Amino acid sequence: MPVIRVEMFKRTQEQKRNLARELTAAFVNTCGGNKEAIKILITEVDKNDWASGGVITADKKDII
Amino acid sequence: MPVIRVEMFKRTQEQKRNLARELTAAFVNTCGGNKEAIKILITEVDKNDWASGGVITADKKDII
Amino acid sequence: MPVIRVEMFKRTQEQKRNLARELTAAFVNTCGGNKEAIKILITEVDKNDWASGGVITADKKDII
Amino acid sequence: MPVIRVEMFKRTQEQKRNLARELTAAFVNTCGGNKEAIKILITEVDKNDWASGGVITADKKDII
Amino acid sequence: MPVIRVEMFKRTQEQKRNLARELTAAFVNTCGGNKEAIKILITEVDKNDWASGGVITADKKDII
Amino acid sequence: MPVIRVEMFKRTQEQKRNLARELTAAFVNTCGGNKEAIKILITEVDKNDWASGGVITADKKDII
(Lines give C-alpha, C1' and ligand atoms only; values in the text may rest on other atoms or scores of the structure.)
Protein backbone atom coordinates (compact mmCIF):
# COMPACT_ATOMS: atom_id res chain seq x y z
CA MET A 1 0.00 0.00 0.00
CA PRO A 2 -0.43 2.30 -1.78
CA VAL A 3 -1.07 0.72 -5.17
CA ILE A 4 -0.98 2.97 -8.22
CA ARG A 5 -2.42 1.58 -11.46
CA VAL A 6 -1.88 3.24 -14.79
CA GLU A 7 -3.91 2.38 -17.88
CA MET A 8 -2.45 4.02 -20.97
CA PHE A 9 -1.67 3.46 -24.63
CA LYS A 10 1.63 1.74 -25.50
CA ARG A 11 4.82 3.43 -24.36
CA THR A 12 8.52 2.54 -24.57
CA GLN A 13 10.20 0.66 -21.76
CA GLU A 14 12.25 3.78 -21.03
CA GLN A 15 9.07 5.82 -20.63
CA LYS A 16 7.60 3.21 -18.29
CA ARG A 17 10.80 3.19 -16.26
CA ASN A 18 10.71 6.96 -15.89
CA LEU A 19 7.00 6.94 -15.16
CA ALA A 20 7.36 4.44 -12.31
CA ARG A 21 10.14 6.49 -10.75
CA GLU A 22 8.34 9.82 -11.05
CA LEU A 23 4.91 8.61 -9.90
CA THR A 24 6.58 7.12 -6.84
CA ALA A 25 8.37 10.38 -6.09
CA ALA A 26 5.14 12.34 -6.56
CA PHE A 27 3.38 10.12 -4.06
CA VAL A 28 6.09 10.38 -1.40
CA ASN A 29 6.36 14.16 -1.85
CA THR A 30 2.64 14.79 -1.38
CA CYS A 31 1.38 11.98 0.84
CA GLY A 32 4.48 10.74 2.60
CA GLY A 33 4.99 7.09 3.44
CA ASN A 34 7.65 4.55 2.75
CA LYS A 35 8.90 4.65 -0.84
CA GLU A 36 9.44 0.90 -0.90
CA ALA A 37 5.77 0.24 -0.04
CA ILE A 38 4.56 2.00 -3.18
CA LYS A 39 3.52 -0.49 -5.84
CA ILE A 40 2.82 0.47 -9.44
CA LEU A 41 1.03 -1.63 -12.04
CA ILE A 42 1.08 -0.49 -15.66
CA THR A 43 -1.47 -1.77 -18.16
CA GLU A 44 -0.96 -0.87 -21.79
CA VAL A 45 -4.27 -0.68 -23.61
CA ASP A 46 -4.75 -1.39 -27.31
CA LYS A 47 -6.51 1.31 -29.32
CA ASN A 48 -9.09 -1.30 -30.29
CA ASP A 49 -10.06 -1.66 -26.64
CA TRP A 50 -10.63 1.93 -25.58
CA ALA A 51 -13.58 4.10 -26.61
CA SER A 52 -14.80 7.60 -25.89
CA GLY A 53 -18.03 9.14 -27.09
CA GLY A 54 -19.12 5.66 -28.15
CA VAL A 55 -16.36 5.25 -30.73
CA ILE A 56 -13.39 2.88 -30.48
CA THR A 57 -10.15 4.89 -30.58
CA ALA A 58 -8.72 2.87 -33.48
CA ASP A 59 -11.74 3.90 -35.56
CA LYS A 60 -11.20 7.62 -35.01
CA LYS A 61 -9.48 9.81 -37.56
CA ASP A 62 -7.65 11.80 -34.91
CA ILE A 63 -6.16 9.62 -32.23
CA ILE A 64 -5.03 11.55 -29.20
CA MET B 1 -16.11 10.22 -16.05
CA PRO B 2 -17.94 7.91 -16.19
CA VAL B 3 -15.64 5.00 -16.95
CA ILE B 4 -17.22 1.72 -18.03
CA ARG B 5 -15.03 -1.38 -18.00
CA VAL B 6 -16.05 -4.61 -19.64
CA GLU B 7 -14.32 -7.91 -18.95
CA MET B 8 -15.48 -10.58 -21.36
CA PHE B 9 -14.30 -13.48 -23.49
CA LYS B 10 -12.90 -12.73 -26.95
CA ARG B 11 -15.20 -10.98 -29.40
CA THR B 12 -14.78 -9.67 -32.96
CA GLN B 13 -13.77 -6.07 -33.57
CA GLU B 14 -17.22 -5.44 -35.04
CA GLN B 15 -18.85 -6.68 -31.84
CA LYS B 16 -16.59 -4.45 -29.74
CA ARG B 17 -17.40 -1.48 -31.98
CA ASN B 18 -21.13 -2.06 -31.53
CA LEU B 19 -20.75 -2.72 -27.83
CA ALA B 20 -18.95 0.60 -27.23
CA ARG B 21 -21.62 2.49 -29.13
CA GLU B 22 -24.55 0.81 -27.38
CA LEU B 23 -23.15 0.94 -23.84
CA THR B 24 -22.54 4.66 -24.32
CA ALA B 25 -26.10 5.19 -25.56
CA ALA B 26 -27.47 3.16 -22.63
CA PHE B 27 -25.58 5.34 -20.18
CA VAL B 28 -26.72 8.63 -21.68
CA ASN B 29 -30.33 7.44 -21.91
CA THR B 30 -30.54 6.41 -18.27
CA CYS B 31 -28.09 8.64 -16.41
CA GLY B 32 -27.68 11.63 -18.70
CA GLY B 33 -24.37 13.42 -19.03
CA ASN B 34 -22.11 14.34 -21.89
CA LYS B 35 -21.67 11.49 -24.37
CA GLU B 36 -18.08 12.51 -25.10
CA ALA B 37 -17.13 12.15 -21.41
CA ILE B 38 -18.03 8.46 -21.35
CA LYS B 39 -14.96 6.27 -21.51
CA ILE B 40 -15.06 2.53 -22.14
CA LEU B 41 -12.26 0.06 -21.56
CA ILE B 42 -12.64 -3.47 -22.90
CA THR B 43 -10.56 -6.32 -21.53
CA GLU B 44 -10.76 -9.65 -23.30
CA VAL B 45 -10.14 -12.51 -20.91
CA ASP B 46 -8.65 -15.86 -21.87
CA LYS B 47 -10.63 -18.93 -20.86
CA ASN B 48 -7.57 -20.10 -18.96
CA ASP B 49 -7.82 -17.05 -16.70
CA TRP B 50 -11.43 -17.14 -15.60
CA ALA B 51 -12.94 -19.62 -13.14
CA SER B 52 -16.31 -20.21 -11.57
CA GLY B 53 -17.12 -22.81 -8.95
CA GLY B 54 -13.39 -23.31 -8.50
CA VAL B 55 -12.85 -24.60 -12.05
CA ILE B 56 -11.00 -22.77 -14.83
CA THR B 57 -13.37 -22.22 -17.77
CA ALA B 58 -11.01 -23.85 -20.28
CA ASP B 59 -11.20 -27.04 -18.20
CA LYS B 60 -14.98 -27.22 -18.30
CA LYS B 61 -16.82 -29.45 -20.74
CA ASP B 62 -19.52 -26.87 -21.37
CA ILE B 63 -18.13 -23.42 -21.86
CA ILE B 64 -20.78 -20.75 -21.71
CA MET C 1 -18.76 -13.40 -17.25
CA PRO C 2 -18.99 -10.79 -18.58
CA VAL C 3 -18.48 -8.31 -15.77
CA ILE C 4 -19.33 -4.66 -16.46
CA ARG C 5 -18.06 -2.08 -13.98
CA VAL C 6 -19.27 1.48 -13.96
CA GLU C 7 -17.50 4.26 -12.09
CA MET C 8 -19.59 7.42 -12.05
CA PHE C 9 -20.68 10.30 -9.86
CA LYS C 10 -23.68 9.78 -7.54
CA ARG C 11 -26.97 8.86 -9.18
CA THR C 12 -30.44 8.01 -7.84
CA GLN C 13 -31.41 4.41 -7.20
CA GLU C 14 -33.91 4.66 -10.06
CA GLN C 15 -31.13 5.74 -12.42
CA LYS C 16 -28.94 2.85 -11.28
CA ARG C 17 -31.82 0.42 -11.76
CA ASN C 18 -32.39 1.65 -15.32
CA LEU C 19 -28.68 1.68 -16.05
CA ALA C 20 -28.24 -1.95 -15.00
CA ARG C 21 -31.16 -3.03 -17.18
CA GLU C 22 -30.04 -1.07 -20.24
CA LEU C 23 -26.33 -1.97 -20.07
CA THR C 24 -27.32 -5.61 -19.86
CA ALA C 25 -29.60 -5.28 -22.88
CA ALA C 26 -26.87 -3.45 -24.81
CA PHE C 27 -24.46 -6.29 -24.12
CA VAL C 28 -26.81 -9.05 -25.18
CA ASN C 29 -27.83 -7.16 -28.32
CA THR C 30 -24.28 -6.63 -29.53
CA CYS C 31 -22.25 -9.52 -28.12
CA GLY C 32 -24.86 -12.19 -27.42
CA GLY C 33 -24.55 -14.54 -24.49
CA ASN C 34 -26.78 -15.45 -21.59
CA LYS C 35 -28.42 -12.42 -19.98
CA GLU C 36 -28.27 -13.99 -16.53
CA ALA C 37 -24.47 -14.36 -16.76
CA ILE C 38 -23.96 -10.60 -17.11
CA LYS C 39 -22.81 -9.04 -13.86
CA ILE C 40 -22.71 -5.29 -13.23
CA LEU C 41 -20.88 -3.50 -10.45
CA ILE C 42 -21.57 0.18 -9.89
CA THR C 43 -19.14 2.36 -7.98
CA GLU C 44 -20.22 5.89 -7.14
CA VAL C 45 -17.25 8.21 -6.91
CA ASP C 46 -17.08 11.31 -4.73
CA LYS C 47 -16.11 14.53 -6.49
CA ASN C 48 -13.23 14.81 -4.06
CA ASP C 49 -11.78 11.58 -5.42
CA TRP C 50 -11.76 12.21 -9.15
CA ALA C 51 -9.41 14.57 -10.98
CA SER C 52 -8.78 15.57 -14.56
CA GLY C 53 -6.06 17.87 -15.81
CA GLY C 54 -4.47 17.60 -12.36
CA VAL C 55 -7.40 19.24 -10.57
CA ILE C 56 -9.82 17.50 -8.20
CA THR C 57 -13.39 17.81 -9.59
CA ALA C 58 -14.75 19.30 -6.35
CA ASP C 59 -12.24 22.14 -6.74
CA LYS C 60 -13.40 23.06 -10.23
CA LYS C 61 -15.81 25.89 -10.87
CA ASP C 62 -17.60 24.01 -13.63
CA ILE C 63 -18.32 20.45 -12.66
CA ILE C 64 -19.43 18.32 -15.58
CA MET D 1 -20.64 -12.39 -6.54
CA PRO D 2 -18.13 -12.62 -5.03
CA VAL D 3 -15.46 -11.79 -7.58
CA ILE D 4 -11.85 -12.56 -6.70
CA ARG D 5 -9.16 -11.03 -8.88
CA VAL D 6 -5.54 -12.11 -8.72
CA GLU D 7 -2.71 -10.09 -10.25
CA MET D 8 0.52 -12.07 -10.23
CA PHE D 9 3.60 -12.89 -12.25
CA LYS D 10 3.35 -15.70 -14.79
CA ARG D 11 2.46 -19.15 -13.49
CA THR D 12 1.84 -22.54 -15.15
CA GLN D 13 -1.66 -23.58 -16.12
CA GLU D 14 -1.50 -26.28 -13.43
CA GLN D 15 -0.71 -23.66 -10.79
CA LYS D 16 -3.60 -21.47 -11.98
CA ARG D 17 -5.94 -24.48 -11.91
CA ASN D 18 -4.94 -25.27 -8.32
CA LEU D 19 -5.11 -21.63 -7.32
CA ALA D 20 -8.68 -21.23 -8.58
CA ARG D 21 -9.77 -24.35 -6.71
CA GLU D 22 -8.09 -23.39 -3.43
CA LEU D 23 -9.12 -19.72 -3.41
CA THR D 24 -12.71 -20.81 -3.96
CA ALA D 25 -12.50 -23.31 -1.10
CA ALA D 26 -10.92 -20.66 1.16
CA PHE D 27 -13.79 -18.30 0.43
CA VAL D 28 -16.54 -20.84 1.11
CA ASN D 29 -14.83 -22.02 4.31
CA THR D 30 -14.53 -18.56 5.81
CA CYS D 31 -17.41 -16.54 4.34
CA GLY D 32 -19.91 -19.18 3.24
CA GLY D 33 -22.03 -18.72 0.16
CA ASN D 34 -22.66 -20.74 -2.95
CA LYS D 35 -19.45 -22.18 -4.44
CA GLU D 36 -20.79 -21.80 -7.98
CA ALA D 37 -21.31 -18.06 -7.51
CA ILE D 38 -17.62 -17.46 -6.83
CA LYS D 39 -15.88 -15.99 -9.88
CA ILE D 40 -12.11 -15.72 -10.19
CA LEU D 41 -10.20 -13.62 -12.70
CA ILE D 42 -6.46 -14.14 -13.03
CA THR D 43 -4.25 -11.49 -14.61
CA GLU D 44 -0.63 -12.38 -15.25
CA VAL D 45 1.58 -9.33 -15.07
CA ASP D 46 4.81 -8.88 -17.01
CA LYS D 47 7.86 -7.92 -14.95
CA ASN D 48 8.18 -4.85 -17.15
CA ASP D 49 4.82 -3.61 -15.91
CA TRP D 50 5.18 -3.86 -12.16
CA ALA D 51 7.29 -1.57 -9.98
CA SER D 52 8.01 -1.17 -6.30
CA GLY D 53 10.11 1.52 -4.72
CA GLY D 54 9.99 3.36 -8.04
CA VAL D 55 11.89 0.64 -9.91
CA ILE D 56 10.42 -1.67 -12.57
CA THR D 57 10.77 -5.30 -11.45
CA ALA D 58 12.55 -6.36 -14.65
CA ASP D 59 15.24 -3.79 -13.87
CA LYS D 60 15.97 -5.16 -10.39
CA LYS D 61 18.87 -7.48 -9.71
CA ASP D 62 16.87 -9.53 -7.24
CA ILE D 63 13.39 -10.34 -8.48
CA ILE D 64 11.13 -11.73 -5.82
CA MET E 1 2.92 -8.80 -5.78
CA PRO E 2 0.65 -10.72 -5.93
CA VAL E 3 -2.40 -8.59 -5.23
CA ILE E 4 -5.68 -10.36 -4.49
CA ARG E 5 -8.87 -8.28 -4.62
CA VAL E 6 -12.15 -9.53 -3.29
CA GLU E 7 -15.47 -7.87 -4.10
CA MET E 8 -18.26 -9.31 -1.98
CA PHE E 9 -21.36 -8.41 -0.01
CA LYS E 10 -20.89 -7.24 3.59
CA ARG E 11 -19.22 -9.66 6.00
CA THR E 12 -18.19 -9.45 9.66
CA GLN E 13 -14.71 -8.36 10.60
CA GLU E 14 -14.02 -11.88 11.86
CA GLN E 15 -14.97 -13.31 8.47
CA LYS E 16 -12.71 -10.82 6.72
CA ARG E 17 -9.87 -11.70 9.08
CA ASN E 18 -10.26 -15.40 8.36
CA LEU E 19 -10.65 -14.77 4.65
CA ALA E 20 -7.40 -12.80 4.43
CA ARG E 21 -5.54 -15.55 6.26
CA GLU E 22 -6.95 -18.41 4.19
CA LEU E 23 -6.63 -16.73 0.78
CA THR E 24 -3.00 -16.02 1.58
CA ALA E 25 -2.41 -19.65 2.59
CA ALA E 26 -4.18 -20.85 -0.57
CA PHE E 27 -1.89 -18.71 -2.71
CA VAL E 28 1.33 -19.86 -1.06
CA ASN E 29 0.26 -23.52 -1.17
CA THR E 30 -0.49 -23.48 -4.90
CA CYS E 31 1.77 -20.82 -6.40
CA GLY E 32 4.56 -20.47 -3.88
CA GLY E 33 6.19 -17.13 -3.17
CA ASN E 34 6.80 -15.09 -0.09
CA LYS E 35 3.77 -14.91 2.20
CA GLU E 36 4.59 -11.35 3.25
CA ALA E 37 4.47 -10.14 -0.36
CA ILE E 38 0.83 -11.18 -0.76
CA LYS E 39 -1.49 -8.19 -0.55
CA ILE E 40 -5.26 -8.48 -0.19
CA LEU E 41 -7.79 -5.74 -0.77
CA ILE E 42 -11.40 -6.35 0.29
CA THR E 43 -14.23 -4.27 -1.14
CA GLU E 44 -17.66 -4.73 0.36
CA VAL E 45 -20.37 -4.03 -2.19
CA ASP E 46 -23.84 -2.74 -1.38
CA LYS E 47 -26.75 -4.75 -2.76
CA ASN E 48 -27.89 -1.58 -4.51
CA ASP E 49 -24.68 -1.56 -6.53
CA TRP E 50 -24.54 -5.08 -7.91
CA ALA E 51 -26.78 -6.47 -10.64
CA SER E 52 -27.12 -9.74 -12.52
CA GLY E 53 -29.47 -10.45 -15.38
CA GLY E 54 -30.10 -6.72 -15.58
CA VAL E 55 -31.66 -6.50 -12.11
CA ILE E 56 -30.12 -4.79 -9.07
CA THR E 57 -29.67 -7.35 -6.28
CA ALA E 58 -31.58 -5.26 -3.74
CA ASP E 59 -34.60 -5.41 -6.06
CA LYS E 60 -34.63 -9.20 -6.26
CA LYS E 61 -36.93 -11.30 -4.12
CA ASP E 62 -34.29 -13.96 -3.59
CA ILE E 63 -30.90 -12.52 -2.81
CA ILE E 64 -28.11 -15.01 -3.03
CA MET F 1 -6.83 8.09 -21.32
CA PRO F 2 -4.63 7.63 -19.41
CA VAL F 3 -6.42 6.69 -16.22
CA ILE F 4 -4.40 6.62 -13.00
CA ARG F 5 -5.97 4.90 -10.00
CA VAL F 6 -4.57 5.23 -6.51
CA GLU F 7 -5.56 2.95 -3.65
CA MET F 8 -4.22 4.24 -0.36
CA PHE F 9 -5.08 4.72 3.29
CA LYS F 10 -6.99 7.86 4.29
CA ARG F 11 -5.37 11.21 3.50
CA THR F 12 -6.46 14.83 3.91
CA GLN F 13 -8.18 16.67 1.08
CA GLU F 14 -5.11 18.87 0.76
CA GLN F 15 -2.91 15.81 0.28
CA LYS F 16 -5.26 14.42 -2.35
CA ARG F 17 -5.29 17.77 -4.14
CA ASN F 18 -1.50 17.84 -4.23
CA LEU F 19 -1.31 14.20 -5.21
CA ALA F 20 -3.61 14.68 -8.22
CA ARG F 21 -1.57 17.66 -9.40
CA GLU F 22 1.80 15.95 -9.00
CA LEU F 23 0.83 12.59 -10.49
CA THR F 24 -0.51 14.41 -13.52
CA ALA F 25 2.72 16.39 -13.88
CA ALA F 26 4.77 13.20 -13.49
CA PHE F 27 2.82 11.57 -16.28
CA VAL F 28 3.16 14.46 -18.71
CA ASN F 29 6.87 14.84 -17.96
CA THR F 30 7.69 11.21 -18.65
CA CYS F 31 5.10 10.00 -21.16
CA GLY F 32 3.87 13.16 -22.80
CA GLY F 33 0.29 13.59 -23.88
CA ASN F 34 -2.43 16.10 -23.19
CA LYS F 35 -2.63 17.08 -19.51
CA GLU F 36 -6.41 17.47 -19.68
CA ALA F 37 -6.84 13.88 -20.85
CA ILE F 38 -5.26 12.48 -17.68
CA LYS F 39 -7.88 11.15 -15.30
CA ILE F 40 -7.16 10.21 -11.69
CA LEU F 41 -9.35 8.16 -9.41
CA ILE F 42 -8.48 7.99 -5.72
CA THR F 43 -9.82 5.21 -3.52
CA GLU F 44 -9.22 5.47 0.21
CA VAL F 45 -9.01 2.06 1.80
CA ASP F 46 -9.97 1.27 5.38
CA LYS F 47 -7.34 -0.54 7.46
CA ASN F 48 -9.90 -3.28 8.03
CA ASP F 49 -9.95 -3.99 4.32
CA TRP F 50 -6.29 -4.35 3.48
CA ALA F 51 -4.07 -7.28 4.47
CA SER F 52 -0.48 -8.31 3.92
CA GLY F 53 1.09 -11.57 4.99
CA GLY F 54 -2.41 -12.87 5.69
CA VAL F 55 -3.10 -10.32 8.45
CA ILE F 56 -5.57 -7.43 8.23
CA THR F 57 -3.71 -4.12 8.72
CA ALA F 58 -5.99 -2.99 11.56
CA ASP F 59 -4.98 -6.12 13.48
CA LYS F 60 -1.26 -5.41 13.22
CA LYS F 61 0.67 -3.81 16.05
CA ASP F 62 2.81 -1.81 13.65
CA ILE F 63 0.84 -0.23 10.87
CA ILE F 64 2.99 1.09 8.08
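Each chain gets a letter, A, B, C, D, E and F, in the order it is written, and its residues are counted from 1.
What we mean here is this: a contact is a pair of C-beta atoms (placed from the backbone, for glycine too) under 8 Å apart; a residue touches a chain by one contact, two chains touch by 3 or more.
Computed from a prediction, not measured in an experiment: that's the story for all the values here.
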*Which neighbours does chain D have in common with chain E?*
A, C
*asked:* Let me check something: if the centre of a chain is the mean of its CA atoms, which chain is farthest from chain E?
replied: A
*Hey, which chain ends up farthest from chain D, C-alpha centres compared?*
C
*Between the pairs B-F and C-F, the one where more C-beta pairs touch*: C-F
*Where the CA atoms of chain A average out and where those of chain B average out, how many Å apart are those spots?*
21
*Approximate Å spacing (C-alpha centroids) for the pair chain B, chain C*: 13
*Interface hub residues of chain A, defined as touching at least two other chains*: 1, 3, 7, 21, 23, 25, 37, 39, 41, 45, 50, 52
*What is the complete set of touching chain pairs?*
A-B, A-D, A-E, A-F, B-C, B-D, B-F, C-D, C-E, C-F, D-E, E-F
_chain E - residues contacting chain C, complex_ = 7, 45, 48-56, 59
*asked:* Can you tell me which positions in chain F touch chain C when the two form their complex?
replied: 13, 16-17, 20-21, 23-25, 35-44
*asked:* List the residues on chain C that touch chain D in their complex, please.
replied: 1, 3, 39, 41
*Show which residues of chain B lie in contact with chain C when the two form their complex.*
1-9, 11, 15, 18-19, 21-23, 25-27, 29-31, 33-34, 37, 45, 50, 52, 57, 64
